[in-house]
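Structures given as structure tokens follow.
Two complexes follow with chain A in common, the first pairing it with chain B and the second with chain C.
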Partner chain A sequence: MEDMIFYDRLQFAFTITFHYIFPQLTMGLSLMIVYFKWKYLRNKIEKYNDSAKFFMKIFAINFTMGVVTGIPMEFQFGTNWAKFSELTGGIIGQTLAMEGMFSFFLESSFLALFIFGEKLMGQKLHLLTGFLVFLGSWASGWFILATNAWMQHPVGYEILENGKFVLENFSALFSNPWLLPAFLHNQLASVVTSSFVVASIGAFYILRNKQIEHGKLFLKTGVIFGLISSILVAFPTGDWNAKNVAKHQPAAFAAMEGIFETEEAGAEIVLIGQPNMVEKKLDNKIAVPNILSFLTYQDWDKQINGMDKFEKEELPDNVPALYYSYHIMVGLGTVFMGIMALAAFLLWRKKLYNIKPLLWTIMFLVPFPYIANLTGWYTAELGRQPYLVYGLLRTSDGISPTVSSGNTLFTLLGFVALYMLLGLLFLVLVGKTINEGPKSKLH
Partner chain B sequence: MTGTLISLISILIGIIAANVFGNFKKKYSFGFTGNTVIGVFGSILLIKTFGRLGFNPWSIMNNGDFDGFRLAINLVVSAIGGVLGLIIAKKVYQKFNKS
Partner chain C sequence: MEIFWYISIAVVLAVFFILDGYDFGTGIIHLFFAKTEKDKEVIAKSAGLFWDSNEVWLVAAGGMLFMAFPTFYASVFSGFYLPLILVLWLIIFRAIGLELRSQFKFQMWKDIWDTSFGVSSLLLALFFGIALGNIVRGVNLGGVDNGISVHEGHYFFLPLWDGSFSPLTEHPGVIDWFTIIIGLIAVVTLAIHGANWIILKTNSSINTKLKGVIFKLNIILAILTVFSLVVWQVVNPNSLDNFGDKPYLLIFPLIYLSGLVGLFFIKKIKKDSHAFVLSSLLIVGGITSSLASLFPVILPSVNDTHEPLTIYNTAASEYGLSVGIYWGILGFLLILIYMIIQKRLMKGKVDNMDYGH
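What follows is the complex of A and B.
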């Protein structure tokens, strides 16, 4: 049984990690595409239109990969998590179906129109199609986050005698206090990713002395979007999320902050430290006293419950993974703010395009927003453990009892092989598009 | 669960078919990137629409008994999806960009 849970979780973690590489870019990029197109309509400078069309090609490749890698997710609910789907389908089925019916179709239809229809529709309608692609991709995020918010903080439900969850209040799904902060935090984090992608392509062009005008535009736009989004992702949205975790999932909050023992007179914030699960303490810790209490409750001396206040069954089952995921996310977020603030300052001083070490840094930083986004999701998902639906349905009660661990392992290996192939294809396609550049013959 | 893997293999066949067709019939080609994107959607569209006739991944696995014949039909339909996708996309593109 333990084996079955482990492999089911491992397979889902692998497939969703790979899947989330793609939508995290498309959501943020769609906003930047709308910006480029809107700028073009205002100033009629061709490079803005080139940029919108160029990034829509990158968007299309990512969107396609997102569709392909999203298919196993849909199947896995039935294959690996049949009991979970059977019990909660009456609720999560609503939001997941809305995601498919409203967002996916909106996004894919208008994506095709944006790519093919500029000449037919004219510039204003072309902007509108770009906006509808953006709307579709953000609505998609909204419905997925609504599903996840219900799992993190279940509301508006009733449990029948047979254990099935049914929806009692439809609007409660969307007014869930967990949803809005999680949505804003997630969307802004995806804007951070897209900003770094746009800026790094710009840095690449400048360093290669190729497509310089577009390179400068990409770098400038990426840096401005990156600075704004990396600040907003920390405050207020990240702060709001953390307060939600402290309020609704206090055991998860203690674990992700690395608080083993409750301190009566205010909790410290841990900057660095390694969880020692045997001795129940953090090794080699560097911490600042009372800051966590202040950040969470605006009270320096407010007590925050440590893991010692909770039963073992209530604590997340992998405290080190949760602790490291959270700290990697926060650490990287801080680095992003620093880099983007420096780049924005140099942009203002008109020196950014000539400082090669910074251009190299921006170019090579591109994988890190992806890592930060993924570790953010790991924090949310590991923090919810040992539950699938927080406080109501344990993960061990949601798996498919008839699917063996050997079967799951076999398909996991298959996914690894196929995803390596897809990943390679993705890199070739994106590399080719970047190499052609925004002023390719296709434009 | 092998059904899930089959659905991914099916999409890969759609991608390959669209690229091979585009390579031979240049007038329908959108380049490697375009053919690949269209191959994915063409393949998914046809398999999702007609797979219920008995060759979707679940029917192929049929309670754990692998059915090679149904798999062959699935892959052929997926390839046709990729090719059809390319032809339809080109027609739409030409209509949209008529001067």
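What follows is the complex of A and C.
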């Protein structure tokens, strides 16, 4: 039973991690594509149009990967988490089915039209198709976050005697106080990823002394979008989310902040330290007193409950992983703000394109926003443990009752092998597209 | 309410098998009949340009099934654990083949990915047929062994096969001689459908030859169909009762039959799109006939201890199903609009279609 839950969780974690590499880019990138195309309509400078079309090619590769790795996500609700699906399908099935209907069709139909239809449609309609692709991909984020928000903070339901959750109020799913902050935070985080990708490709072209004009445009656009989004992702949206966790999931909050013992005169904020689960303390801790109380409640002396105030059964089952995920996300977010602020300053002083070390840094930073996005999700999901539906349905009660751990281990290994191959394919395709560059063959 | 969602899901599934069905079929034809590089290229392209938007229909069907019949979703997806995961892997493998083949220009590279595309298309068609076979045959709900249930009455688990490969044992596996026959019907049907798609969308040099292939495959299909009806009586003697009780359901087998008969005239059909419609009728007729023979059951039980799963005992709450209708209808209207727009812009042959055209 124990290893069954372990393999089920590991398989879901692995497949969702790999899957979320792709949508986090497409959501942010679609916004930037719409920007490039819109600019082109206003200034008629060809390189803006090239950029929109070039990034739509990158978008298309990521969309394809998102489709083939996304189908397993949907299937796994049934294959590995059958009891969870049976009990909650009447509720989260709504939001998941709506995602299929309202976002994927929109996204896939107009993606094809954007790529093939520029000449047929004319420029204004081409911008419109780009906008509809953006709308589709953000709608997808909205419905997934609505699903997740319900699991984090269930609303609008009723529990029947047989343990089934039934929907009582449809609109509550979308007015869930968890949803809007989480959605905005997630979407801005995906804009951070896309900004870094765009800036990184720009830096690459400049450093390679190839397609320089496009490279400069990419870098400039990436830095501006990157600065704005990496500030907004922390404040106000990250802050809202932290307050939501403190309010609705206090045990998760204590664990992610690494507070082992309650301090009555206000909680410190931990910057560095390793959770020691045996002695129930942080090793090598560096912390600043009272800041956490102030950030969370605007009150320096407000008491924040530590992990000592909660029963073991209520605490997340993997405190160190949760703590590290959260701190890696916050730490990286801070670095992003710093680098983007520096780059934006140099851009304003018209020096950015000549400062090689910074260009190299921006180029190689590209994996880190992905890591920050993923660790952000790990924070949300590990923090929700030991529940699937917070406070109501335990993770151990959600797995498929008839599937044995041997079968799950087999499929987990298969997914690992196949996704390695898929990752290779992705790198080949993206690498080739970047190498060909945005300059259209026509001019 | 249940019936609305049942029909909607059946429609979405049928559309999925018509659309993704042609690209599975394209893969099968590609595997056996495409010889020159030019043909291989254009045939792969006729699937490669469309497969991902076609698979969106599978995601939609899955989502709707999850929402409307969560107990069925949970039971069937966990019960058919291995075959479903194998389907996922094949879908991924096929996608890799389609997307990679034209990236580098040396023969060995292309051959590898062509084979991956062709073989996984073939196996997918086979597996989807086998899945349908399992649904109409039924499973050992509750895992009853010597009168004792191992699981809750609406859960089961099927191994890929049972040593006897017989659908008549107490614990039938996923693959037995009955489901294999249904699997073969799916392979032949989709091969015909894929060949029609190739004729419709490309100028490949084998288009004329493919009409002959379709004719021959259609003969095989007719034989298999008759044969499967006979063995179905052995597996489940009551399988056709629904059609006797409600004669209007006979419309569905008639749809299938019209496709089957029509395709014998493939060489006389002037418009390629008409032939494509005929093979679409095969698919629609095949799926709807199977569903209609079971209705309102959606998964029969092979034991007497547990009730079969029906649309009524697996459905979500009345309220959930009825709010769903509002957004469901809106969603269908939007999809219809997208399809009309897309159809108008993506018409014609794919041979010269590329980025920016």
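The rule we apply is simple: the second predicted complex is superposed on the first by the 440 of 443 C-alpha atoms of A that agree within 3 Å, B and C clash if a C-alpha of one lies under 4 Å from a C-alpha of the other, contacts with A are read in each partner's own complex, and residues count from 1 in each chain.
By definition in this document, contacts are C-beta pairs under 8 Å (C-beta built on N, C-alpha and C of every residue); 3 or more make two chains touch, one makes a residue touch a chain.
Quantities reported herein were computed from a predicted structural model and do not represent experimental measurements.
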Do chain B and chain C fit side by side on chain A after the overlay, or clash? clash
Quick check on the superposed pair: does A:A182 touch chain B, chain C, both, or neither? Answer first, second, both or neither. neither
Scan A:P72 for contacts with chain B and chain C and give back first, second, both or neither. both
Who does A:T433 touch here: chain B (first), chain C (second), both, or neither? first
Taking the superposition on A as described, I'd like to know which of chain B and chain C A:F102 touches: first, second, both or neither. second
In this superposition, which partner touches a larger number of chain A residues, chain B or chain C? C
Can A:V403 be said to touch chain B (first), chain C (second), both, or neither? both
Of the partners chain B and chain C, which touch A:G117 in the superposed model: first, second, both, neither? both
Pick out the stretch of chain C that clashes with chain B after the overlay, from 220-228, 310-318 or 346-354. 346-354
Considering each complex separately, which residues of chain A are in contact with chain B in the first and with chain C in the second? 57, 64, 67-68, 71-72, 75, 79-80, 108, 112, 116-117, 119-120, 403, 407, 410-411, 414, 418, 421, 425, 428-429, 432, 442
Which residues of chain A touch chain C once you look at their complex with the stated criterion? 53, 57, 63-64, 67-72, 74-75, 77-80, 82-83, 85-94, 96-102, 104-106, 108-113, 115-121, 166-168, 170, 400-404, 407, 410-411, 414, 418, 421-422, 425, 428-429, 432, 440, 442
Please give the residue numbers of chain A that touch chain B in the complex, ascending. 57, 60-61, 64, 67-68, 71-72, 75-76, 79-80, 108, 112, 116-117, 119-120, 403, 407-408, 410-411, 414-415, 418, 421, 425, 428-429, 432-433, 442
Taking the complex as given, what residues does chain B use to touch chain A? 1-5, 7-9, 11-12, 15, 31-33, 36-37, 40-41, 44, 89, 92-93, 95-97, 99
Note: in the complex, chain C contacts chain A through residues 49, 52-53, 55-56, 58-60, 62-64, 66-71, 73-79, 81-82, 84-85, 88-89, 91-93, 95-96, 99-100, 103, 143, 151-152, 155-157, 316-317, 319-320, 323-324, 327-328, 331-332, 334-335, 338-339, 341-342, 345-346, 353, 355-357
